[in-house]
Each structure stands twice: as C-alpha cells, then as structure tokens.
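Everything on this sheet refers to the single structure shown next.
Labels A, B, C, D and E are assigned to the chains in the order they are written; within every chain, residues are numbered from 1.
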Amino acid sequence: MPRILKSRSRKTGLPPGSLVYVGDKRTAAPKLTAFKYSPTGYEERELKNVENCAELRDPSAVLWVNLDGVDHVDTVSQLGRQFGIHAMVLEDILNTSQRPKKQLSSDYIFMVAKMLYLDPQRRIQVEQVSIVFGRNFVLSFQEEPDSDVFDRVRESIRKNIGAIRTGGADFLAYALLDSIVDQYFVILEEFGERLEAIEQQVINRPELGSSKAIHGLKRDVLFLRRSIWPLREVATSFERSENPLIRPGSMIYFRDVYDHVIEVIDILELFREMVSSMLELYLSSVNNRINEVMKVLTIVTTIFMPLTLIAGIYGMNFDNMPELHWHFGYVWALGLMLLSALVMVGYFRRRRWL
Amino acid sequence: MPRILKSRSRKTGLPPGSLVYVGDKRTAAPKLTAFKYSPTGYEERELKNVENCAELRDPSAVLWVNLDGVDHVDTVSQLGRQFGIHAMVLEDILNTSQRPKKQLSSDYIFMVAKMLYLDPQRRIQVEQVSIVFGRNFVLSFQEEPDSDVFDRVRESIRKNIGAIRTGGADFLAYALLDSIVDQYFVILEEFGERLEAIEQQVINRPELGSSKAIHGLKRDVLFLRRSIWPLREVATSFERSENPLIRPGSMIYFRDVYDHVIEVIDILELFREMVSSMLELYLSSVNNRINEVMKVLTIVTTIFMPLTLIAGIYGMNFDNMPELHWHFGYVWALGLMLLSALVMVGYFRRRRWL
Amino acid sequence: MPRILKSRSRKTGLPPGSLVYVGDKRTAAPKLTAFKYSPTGYEERELKNVENCAELRDPSAVLWVNLDGVDHVDTVSQLGRQFGIHAMVLEDILNTSQRPKKQLSSDYIFMVAKMLYLDPQRRIQVEQVSIVFGRNFVLSFQEEPDSDVFDRVRESIRKNIGAIRTGGADFLAYALLDSIVDQYFVILEEFGERLEAIEQQVINRPELGSSKAIHGLKRDVLFLRRSIWPLREVATSFERSENPLIRPGSMIYFRDVYDHVIEVIDILELFREMVSSMLELYLSSVNNRINEVMKVLTIVTTIFMPLTLIAGIYGMNFDNMPELHWHFGYVWALGLMLLSALVMVGYFRRRRWL
Amino acid sequence: MPRILKSRSRKTGLPPGSLVYVGDKRTAAPKLTAFKYSPTGYEERELKNVENCAELRDPSAVLWVNLDGVDHVDTVSQLGRQFGIHAMVLEDILNTSQRPKKQLSSDYIFMVAKMLYLDPQRRIQVEQVSIVFGRNFVLSFQEEPDSDVFDRVRESIRKNIGAIRTGGADFLAYALLDSIVDQYFVILEEFGERLEAIEQQVINRPELGSSKAIHGLKRDVLFLRRSIWPLREVATSFERSENPLIRPGSMIYFRDVYDHVIEVIDILELFREMVSSMLELYLSSVNNRINEVMKVLTIVTTIFMPLTLIAGIYGMNFDNMPELHWHFGYVWALGLMLLSALVMVGYFRRRRWL
Amino acid sequence: MPRILKSRSRKTGLPPGSLVYVGDKRTAAPKLTAFKYSPTGYEERELKNVENCAELRDPSAVLWVNLDGVDHVDTVSQLGRQFGIHAMVLEDILNTSQRPKKQLSSDYIFMVAKMLYLDPQRRIQVEQVSIVFGRNFVLSFQEEPDSDVFDRVRESIRKNIGAIRTGGADFLAYALLDSIVDQYFVILEEFGERLEAIEQQVINRPELGSSKAIHGLKRDVLFLRRSIWPLREVATSFERSENPLIRPGSMIYFRDVYDHVIEVIDILELFREMVSSMLELYLSSVNNRINEVMKVLTIVTTIFMPLTLIAGIYGMNFDNMPELHWHFGYVWALGLMLLSALVMVGYFRRRRWL
C-alpha cells in the first residue's frame, strides 16, 4: 500500500529535529521561483540558489518563494534558516506523509495540505504542499513541479486581477490554499462520474464482476478522506484564532475556504454512504441471482425426474407387465409423462416460480 | 450523478471573488419582482431592470426583491452593488451547489437554503434559495420561477394576515425560511408513502425486484439529508447570536423554524433506519426463499432417486434375476417404490420440511 | 405509515401562527376538567366552557385545567387567551405530530411529551400531551380521554398524599410528567416480553417466519425512540435552567424525572441492539439451514448416482456382456452397489457430514 | 428477559416518594452489621434493629452500617430517618433496577453501582449496591448477603491495613466502590476466557452450532455494558465536583477508581468488537461451507450424468444399433464412460475445484 | 486471550495501594541503568542497587534512571521511596495491564505508554513503559530489556546530539515518549504490508481461506487501538496544562508528539475500515463463487436430464413402439438428443449464463 503509507522507518532512530526526507518521489534538481509584488508592480524570477532570496526581501512588498522538490533537504534547510523557521517545522515539511495541520508561531503560520491530481492513468494521486507565511513573505513547498495548481494565482499576480496585489501575505496564503481546495472539486467530479458508472453497471448488469470495482471505490474514498478530513481543523482554526498575521479583512476569505472544505467533506461522506449502499445492492443482487439459478435447477429437476422414473418403470424386464402388451401402451406411457409434466408446471405456476 | 454534484469545474482556475454561475438549469430571462410594504399599505411591482430598485427604497418601509433566475450573472451583480453586498456573498449566491449556510455581516445577514419540490415525474428535486436581509430590505434569489413556495408569504402581505406587515425585514426573512421548511414536510409525507408502499411489497411479495427500489429510497434519503442537514446549523446560529438585525420579538419565530428543522432531520433519520431495516428484511427474505427452493429440490431428488434406482435395477439384463419371473414381480417392484417414497416422506415430515 | 408521520400538509400554505389541528383522531366534544387546590382543601369540577375558568383563578391556590380533545381548536384558543399563552405555543399544542420539547417564557413554561399506551389489539400507540404551567396554574392538553394516565395524580390531590397539595404548580407539572414517564416502563416491559418471546422462537424454531417479526420489533423500537428521545433534552433543560417558576425544592424531583428518562432511553438502546443481534442470529440460522439442506441433497445425490449408473450399465443391450450371463451376475451387481454406497457413506463420515 | 428488565409495573400509579421495593429476590430477614472505627480502634457489631445505630454514632469515629436485604422496606426507611436521607433517595435505594448514578446533597453523597458475580451455574449475575456517605457515616445497601465483595474492606479495618482507619468516611466509600470495580476485572477475565474458547471453536470447528453461543456472548456484553457504563459518569463527577465531604487527599483515590472504570469500559468495547468480528467470521465460514458442499454436489452430478446418459443410450431398444453387435461394444461403452469422466475431472482440476 | 487481558485477579481482595505485580513475563534480575548529564558532560552507570541513586542526584544535572524488569516489586518500591513517588502511582507502574494515562502531581508527572515491537515470529507484541519525571530526574520502567527503543536517546546524550543535554528533564521525557511513538510507525508499516498482501490474495485468489486471515487482521487492529488510542488524551493534556515542570520551550516538542499520535490513530482507523472493506469484498466473492458453482450444476443438469429421458423412453419395453423398428430410429433418437442439447445451450446463451 505504498500510496497510503509512506515509509517513515528510515526516520526512526534519529534524534528529534533531524532533517530527513520522507517520501517516494525524487526530483532531479530543486526548482526555486520567486514572486515579489506590491500594489504597484511585480517581479518574477527563477532563483539559482537560496542566497538570492536575501536581495529580494523588502518590507514594502510581499515575497513568495515556491520550491518544487522538497526531497532536496539542503535547499529546504537553507530556506528555513533564511526565513527563521524552527527545525521542527522543517522536519514536518520534509515528511511528505505528514497529516494536514496548522501551527502558529509568533513570526509565521505554518500549514500542511494535500494536493490531489489525476495521473496519466487517471488514478487519483496526492502530493503534499506546505505553506509558511509571515508578515511579508510566503514560502510554498511542493513535491514535484508537474502537479502544480498555483498557476491561477501566478496569473492573478501578473495581471493584477482582484485583490491579490493589495492583499498582503495572508491573502496570498489564502489564495494558494483556495487553489488546492478548488482542485478537490475537480477530483470529486471525476470520482462522482466513476461512481455513477459503476452504479449503473450494478443496477443493469450485476453479473459483471462489480465487487472489486466497489472495493476500489471504497478504498479511494478512504484515501481521499484521510487526505482532506484533517484540513477541516486547519480551516476552523483560522476562524477562531486572532492572529496579528491575519488582517481582519482577510477573515471572510479564510471562512470561505472553510465552507469549501466542509462541502468537500460532506460530498465525501455522501460518496462513502453511496458506496456502502451500492455494495448492499450488489450483494442482494448476487443472492437474487443465486435464487434464480436455484429455481431453474429445481424446476428442471422436478419436471424431469418423474418422467425419467416412468420411462425407467416401463423399461423394467418383468415377465408379467400388462401395460407393455397393450396396443396403446406406448401412448399411455407418453400421456402419463405429459400429465406429470403439466401437473408440475401447474404447481410452479401457483407458487409464482414460473 | 448530475443531481448530487453540479459541475463546478468551470470555476476552477479563476481568482476568488469571480462571479460565475454554477448550475444546470438556464432560464430565458431574469424575473424581478418587488414588494414594498409598511403597516399601512403595500405596493407590488414587476421590475424591468435593477435600477428601478433605487426608487423603491424607503427607510420607513420594508422592500422585498425576489429574483427568479440566478443564472443571469449581471442582474445578480447589479443587485449586489445596489444593496452593498460583498463579492464573496454574490459568488455563493451564483454557486447553486452551495451548502446551506448563514453568514453575518454588519449590514446584512446572508442565508442559503435548499427548496425541495416534486417534478412532473414526481421525483424529488432541489433548488437553491439565497436570502439576504438588512435593516429594511430582503433579497431572495431563486433558480427558476416554477418551484416557487413563497406565494403564501405574498398572500399574507397582500391581505395583511398575521404580523407580517408590522414585523420588519427579519420577520419577512423568517416567513420565507418557514415556507421553505414547511414544504419539506410535504416532501417527507410523499416520501413516507413511497417508503410504506415498498415496505408492504417487501413484506408481502418480496419476489418482485425490491432491492433496486430500496436502493433508490436510500439514495433519496442521502440526497435529502445533504440538502437539509446543514440547515440545522443555520437555525441554531439564530438562537445563539445577538444581532441588532434580529429584534428580540422575532426570536421565538426563528426558534420555531429551528424546531421544525430538527423535526425534519429526526424524520429523515427515522427514514434512514427504516430503509436499512427494509433492506435487512429483504435480504433475509431472499435467503429464506433460497432455502425454500433448496428444500423443494432436495425433497424431489431424495424421493425420486431411489425409485429410479429400483426401476434401473429391474431393467438390468442379467440372465438370472429371479424377481423378473415372479408372477407379482411387477407389483412387488411398484410396492417397493411406494414404500421407499413413504419412508422418505416420513423422514421429511419428522424434520418439519413438509 | 400513518402511525409515524401525521399529515401536516393541510398546514402548509398558511401564515405562521395560524391555529390548525394536525392529527388523525377526532373526539366528539372537548372535555374540560378543573382541579383547584391548596394545602387546606380542593375543588374538582367539570367545566362546561372555558369562561368558567375565570371564576376559579385564585392567587392562593393552584388551578389545574385538563382538556381532552385538542382537535377542538376553539376551546384551545380560548384557553390560550384566558391564560395569556402565545399564539406560537397554541400552534404547537394543536400540532399532534409535534416533537417533545420545552419552551420558556417569562410567565409560563411549555412542555410537549408523548404518552404511550397499548390499544385493545395490544399495539403500542402514542398520544401527545402538552403541559403549560405558570405561577399558580397548570394546563394539560390531551388528544382523547381513553388513554389518560393522570388518575394517580388526581387521587393524590383528592387524598392529599405526599407533597402534592403543598407543592405548587411546578410540583404538579412534575407529577404529570412523572406519570407519563412511569407509563413508559409499563410499555417497555410489555415490549421486553415480546422481544424475549420472539428471541426464544428464533433460537428454538427459526423455521417459522421470524424475519417479519424482527422487522416489526425494529420498527417499534424506532417508533418508541422517536417519541421518547427528545424528552431527554427537555429533562436536561430543567436541571440547567434557573427559572423563578421552579422552586429550588422541586429541582430534586425534576432531576428524578431526568434519571428515569435516561433509564428509558438506555433500555431502548439495549432493545435496539438486541433486535440487531436477533436479526444476525436469524440470518446465520437461515444460512445454516441452507447448508443443512444442501448437505442432505448432496449426500443423497452422491450415494444414488453411482448406483443408478451401475444399474444403467447392466441394462445396456450389448450382445457381448459377460457379466449378464454369470450365474451370480445379479448378486455381483447388487454387491457392487452396496460397496459403492458404503464407500460414499464412509467418505461423508470422514468429512463429518453424517 | 427477567435479568435485563425487572418489573417496575407495581410502582406505576403510586405518588412519587412512595417507598416500594422493585426487584426479584427476597431475603428471609434483613441483616444489619455495623463497624465503628477511628485511627485508634474499631468495634464490629451485628445490629438487631435500626434503633441500635443511634448509640453508635460518635463525631470522632466513622460509622459504617451495611444492610443485606433491601427488600425489607421498613428497615430501609428507618435507616433513612435515622441518618436524615431524603425520601426520593430511599425510593432509588429500594428500586433495584436503578441505573448507576450519583447524587449530591448538602449532608451526604448518594451513589448506586452494580455488583457483578458468578452464580453457581457460572452465569454472570448482577446485584445493586447503594452507598450513602456523610461526614462521619457510610451506609451500604445490598440485595442479599451471598454476593458480598466487601470482605476485603472489613479485613482492612480489622487489621488496620493501609490508610483506611485514618481516611474518614470518604475513604471508606472509595474503598467500597473500589471493591466493586475490582470485582469487574474478575468477571471480565472469566468472560474473556469464554470468548476465546468460542473463538477457537469458530476457527477450528465452525460446524458446531456457534451462532447461538455468539449471540449469548453479545447479550452478555450488552448486559455488562448496561450495568457498568453509567458508572463512568459517576466516577467523572467526583473529579469535577468540589464537595466538602470529599477531602483533597482522597481525590487521587477516586481518580484511580475512575481510571479503572474507564479501563473496564475499554475492555467491554473491545469484547463487543471481537464478538462482532467473530460473528462475521462465523457467517463467512458458513457461506464457505455452503460453497464446499455445492462443489461436491456439482462435481458428482457433472461426472455421473454423462455416464448415466451413455448407459441409457446403449440401453435403448432400437432394432438397428450397430454398436450393440460389435464384439468390443461393451468395452467401447465403458471406455467412452471413462473418457467422459476423465474430461470432467480435468475440467474441475483446471478450475481449481479439485 | 492472554495477550489482550492480563490476569489481574491476584490483585482483587487486596487493600488499595498494595504493591503487586500484574503481568505475564518474569525477568531474572532487575537491571538498573543511570545517566547523569548536564550541558557540559555526562556519566553513564549500571547500578547494583537503588541506594546508589542517592549519590548521583545533583540539582545542576538531569538524572535518568531506567529499570528493566518491573516485576521486581522491591526495586520499584525502593525507587519510589527515593524519589518520593505516591503509592498509587507505584501500583500503576506495577500493573502492566494499565491503560496509557498521565497523572500530575506537584512534584512530578507520571505517564504510562505502550511500547510495540515484533517478536521473533513477527507477531506484534506490547510492553508497558512508565515514565515519571520531576524537576531534574526522569525514571523509566520497562518490562524487559529486549524490546528497548531508547537506544537512540542514549546515543543523543552520549554524542550530545541536538538539544538533549541542554533540554532538562521535560525534554528527556519528551524524547523517550517520541521514541515510543516513532516505533509505532515501524509497526504500522509492517502491518500495512501484511494487510496489502492479504488484500491482494482476496482480490486474486479468494478461494484460499482468507476469512481467518482477515479476522486476524481485525483482531490486531483492535489490539493496536486499545494500546494506542488512550495516548491521545495523554498527548492532549500536555498542550492544555500549564505545568511548571514543562518549560514553555518544550511545548512545541510535546505538540509534535501529539501530532504523531493523532497520525497513528488516523492510520489505525484507516486500517480498520480497510479490513472491513476487505471482509465485505471477501464475502461477496464467496457468494459469487456459490453463484458460479450453482450455474455449472444447473447447466449440466438441465442439458443432461432431457437426454437421459429420451434414452429412457427408447429403452422402454412396450410391444408396440414404432420408432424402435425404423431403420434410422437410432439416428433419430441421437438427433433428438442433439437438438434438445442445442436448445438448452441456446437458452443459457440468451440468459448470459454461458
């Protein structure tokens, strides 16, 4: 089950705060991109190394640094040092089997979320995104560049769409989180279509092997739930907390993300129950078919056994069997068979088996 | 599953606050109707365009504007500008896959609820209604005009029935919510009758394909639950909050709506459990019938196999078979068969299979 | 399902606060009885009309008016006016599909509970009782006179048993509620006996159609739960609230009612789980019997098929079949059959099927 | 189900506060024993009647009166009067179907718990114990003397073991409660062994009628849960409450009882899930055996039917059947049969049925 | 079920606070090791007896004493006396069937956790670890030395890795707890691999006896849950409590342990649901196979019975059977058989059974 449980064992045995990457995928090289923007302008740059960040920091602008490839432990730890991130937080960023969570510090807020996307085989995949934001900077950490969902945010900054350039670091953090959650709806739609297709099959042609398909759906729902459910707590915590890093005007946006997360969870619970209901439908249809098959067997056996017996009786070799010498003996025997068959058919009709 | 999950994917990729309609149905043209009333009189008007609202606003009267056709994004955004509604709220109004919710602002309260109705094929359908109310105005947004349940409120205003004309905007908002919730009981009654009909069938004639019908019921219960359950939080929040927009005298009414929502949810939970119980009954009756069919098969086989064997034995062609030459050999064989059959019948009687 | 969902549809479409009776039963005429008592004496009277109440009101005595027949809307609304009851409360009193609840007002406390009783066919029936009590009056509203459980309270007043005459209106309200809850235990005992009888049948003679009986039990448990469960909140609320209408000395009594309600709910939950367990037992016993029947069929088939084959072989008409001409050919064939049967029986013995 | 629901009906119809015994067992005579102790000494006495208590009361010592036989209503009510216990509390003491609970009063604390023990047939039985303790007295009420678990406490007093003689009435109450809860572990061990024995049987020899045994286990778990679960609230309440009757130094002891109760409930929940899992295992093993039996039947039928047909064909009496006159016709027929059988066996081998 | 319920009965009947060992394993001799460290250095010593501790205590250094072998009651009680531990706490340390818990005192904090490890047969085993820490000492109690997971902590002290030497007693306690929780991930990975292997088997070759394997998984999940779940409360309590024994700087570490425990519990819940889903898949695949077997039986029976009847009819011995004397009578009979078989095959094709 590599998808559900990433190997953490290589971490066991190390002292706490040790920076070790936990995860499957490996990228060739880390990719660092920086956006620096203020209401009046923006600058976009690909960074060669972490030191370049220093020259971009500017109290009157927001700096967003995005890293693709958290498996490069050195880059992560250098970034951490540059922005004053605690070693325990860096450890969580490097552990891609991390549960979605949020952690407050006096200087920054740290969030972990799961990004969902479809791989080329249209299987649902998950990737961890960590976001750290302080007064005028946002750091985002992704596992690999392919599954990026932040393009819409980049476009907003470039074209100065909506409130993003005036919104500060907290608004940017919201916009990133919102992109991730919006992507969930795409995945849920895809999943909903699959679910409906299998449901139609269970209803119309249950003889095809649906139980494995239903099990697959259930596994996916469990997997999605594990990725999304803890985000609920993250979203709630924004509402409750009064943190100077989140300006009052941004609260309505975080509240909106919360509403979306709740909606996603609602839909997931609905899917879960529909999968259960499909399984029950499938099981009862299997039993129904067993019943149908049994009826055919019983009807055939019950009709033919007496006929075979009659044929057997008149095949006996007794010297003294009067019917054998009747002129219409054969017709009599066939008539007896017909009668027996008709009686049986009548019986099954009355029991509503036919 | 178009009914359960409306396509939101066209929204993904847009910056937050973008006004995009999410939903299936499309209406030809938006229909705007306005009611302006005070304890002493009322005025009812169909509005050509949103600008006409301005001339109706009057601090001493309550203005209720109802829009049929939220798919007309322009009309919604103009209304929003006129009444000072936040862009995020307008976004929620346009998203007809929204979860029932309530949101407070200093100037207005925003609620989303689901309206249920039966379509011509008597299937349960859902439509989203958004209500925004401030100090002396109420805006209501519906998807289409056909399923309107507000006629009773209109009638109350026209005929000055009850406290409606003296009640202010909060009372009108309550009256609209109450109409929606009252309609739920009609749907639940319809559903309860279906459930009872299928239950009677499961008890009396389980051989008819009931498992699909039960699955359909379960799907409907899940669907209803998804539409109604979140309204519970909405209703609770009225009780808790002390909002200047809701006058103390109106609290008892919102409390009443809350009681009704709880009752609806109670009934839904009851239905859910009854559907589960029906499925169990159905499954056990299928198994019982398998058992019945198996018994018939076993009885027939067990009685006829020995008879066939006896006939087979006396049909053997050995030179030296004394019974074949007895005068009453044939009668002996038939007697043997009768005896065998009687023994078997006796055995099944003792086992209570017959 | 008339028992579970009373038709409320005739109410839909009316403005809130409209007084309409919701329920099935109709009584010929309302029956009004009044008790006026103080520590020193009591007066019992049957009232012709509601106006007579006025002359009985007396600040130094407690007045208890009981109405049998809430379907008489006029009587209820007149009583309401006399004692200053809010229109929304009267609406709830008239709606006999009301959920048990409690509502506070500055002048009175309003409670709804469900009275359970056995009808002549020993089916469990429910009736709604509404109790309104203020500083020195108690009103009780019942659907019909037959199922009355308040006789024990009347007797206490007449014979001055216990603290009732000195206890004030709150104590009387408690005593009425206590009578209703005590009656639940009688119903639960009856139900427990039924449950045990069906359980014995499932264990000893599962072939009788128990699945319908179990389904009936489950339906009854669901029904009882719906009637009783919300009373829990009612009972809790007494403990929490500090209401001048309830004197500190009465708190221990309301606490006692609460304990009983919790106990009733506990027992109901227990019944629910026992019914589930019985269903599982029943299902596994059905499957066990299928298994038994299958074994008999398989044993019979497996023993007789080879015998029939042997008989068939020696019934073939080949010219050259040496065995047919052996002197002991017939005995040989029968011996072969016996051997085959013994081998099969041995095989089934070893598999523990026999 | 006499064990689960004791008849309370004889109580219905009596005014609240009436002292009536509710329970099954009857003892010949009440047995009153008293312990009076202080750090310096102790006195143990069997009391003839309740009045003797008066002379034992002494503000500088703790008095513990234990009554075996709560069915003697007079003795209970006299004790109540002596120690100033409220009538509602006495009513609860007499009602042996009482739910475990705790009630505070300014002068004493009242607790009800369930004592579990094995009867001579090793069935789990329950008995109610009520404990009332005040500043320097403890009253304990048991149903009958046989199942007493307080001997260890008596021994501690006599031999002055641990803190008991210096601990005051609250410590004694704790010690009694602790004895009851400790006894639960004995019962759970016994139950766990039974559960394991039945589990072994389900795994190794499921053909023996295990479904009734599993149902019995489930019934017992439900029964134990009902007896123990409410004690959780009792134990929690000690921690929360700041009652002058419980000295700060005793808190750690009551906390310990709470931990044990939680542990017992944990184990019970575990048992419950194990019983469910066993039932699932049993059901799937029954289905597996049905499958096995079906396979045997199908294999036998499928092998022998073609053979019987071949024999039947060569038993036909047509004038013109060349094979009948072949010299090796008989061998040919037998060879045909062998071939057919081998083909079938090969087919089943390939399907892995053999 | 020795693994799930350790025998506590030998404790029943003893006064509270009696020090008795509850558990299965016995070690030859207790093993006491001590670490004394400060930021500037460390000293590691194996202690012969408890008295040696006294000389190691030093207010400017942290002293960690680890005991392997809690079955040596004397050693535990001597340690307790040395460090001023309450008798009730010592009782909990000696009871190895203790539930994970945390207890505060003014001088120390006491925690119980369960250590998981794989025994040589790769079965999951559990061992209790108790940790008591005060201002500058930490005591840890283990059942036996083999399953020790604290080596990584020892290594950190020796090599002065991370913050351990400067962190104080609370940091050491955290490090020990963290080692235990980290070990859980190793066990979960092992378990996840087993689960996946069995899942593959259920999907690909369900005919192998999987139901016992699934039951085993379920039992293990229940067992793991019982060991880990209560640790959640322990971990939460650190966050809530403001205890002078835990310095503010250590809070982030305990918070990290809490996150890990929640993650472990999440994974366990996921495993639980996957096991349930596997069982459902298995059950439906068994039913599917019953259906398959039944179909084969029915097809064979339905095809051969008519053929056997035709053979039987032409095996009858009537004098007057015209077909018998036809020249192509035999061919006619075989043709009839072929036709009948083809009709049947066609019928099964149409029903999609073939």
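Side notes on the structure shown:
The rule is simple: a contact is a pair of C-beta atoms (placed from the backbone, for glycine too) under 8 Å apart; a residue touches a chain by one contact, two chains touch by 3 or more.
Everything quoted here is computed from the prediction, not taken from an experiment.
Fewest steps needed to get from chain C to chain D, stepping only to touching chains, is 1. Because chain D and chain E carry the same sequence, their contact can be compared by residue number, and under half of the numbers here are used by both.
A rotation of 70 degrees, rounded to a multiple of 5, brings the CA atoms of chain A into register with those of chain E.
Inter-chain spacing, taken between the CA centroids of chain A and chain C, is 42 Å. One simple way to say how far apart two chains are is to compare their mean CA positions; for chain B and chain C this gives 26 Å. Chain contacts: chain A has residues 283, 287, 290, 294, 297, 301, 305, 308, 312, 315-317, 321 touching two or more partner chains. In terms of inter-chain touching, the protein chains here make up one closed cycle, each touching precisely two others.
Here the chains make one closed ring, and walking it from chain C through chain D gives C, D, E, A, B. On the side of chain E, the complex with chain D involves touching residues 1, 4-5, 7-9, 11-18, 86, 88, 92, 97-99, 101, 103, 207, 209, 211-212, 215, 218-219, 222, 226, 230, 279, 282-283, 286-287, 289-290, 293-294, 296-297, 300-301, 304-305, 307-308, 311-312, 314-317, 321, 323-330, 333-334. Taken in their complex, chain E has these residues touching chain A: 151-153, 155-156, 161-164, 174-175, 178, 182-183, 185-186, 188-189, 192-193, 195-196, 203, 252-253, 255-256, 259, 262-263, 266-267, 270, 273-274, 277-278, 280-281, 283-285, 287-288, 290-291, 294-295, 297-298, 301-302, 305-306, 308-309, 312-313, 315-321, 352-353.
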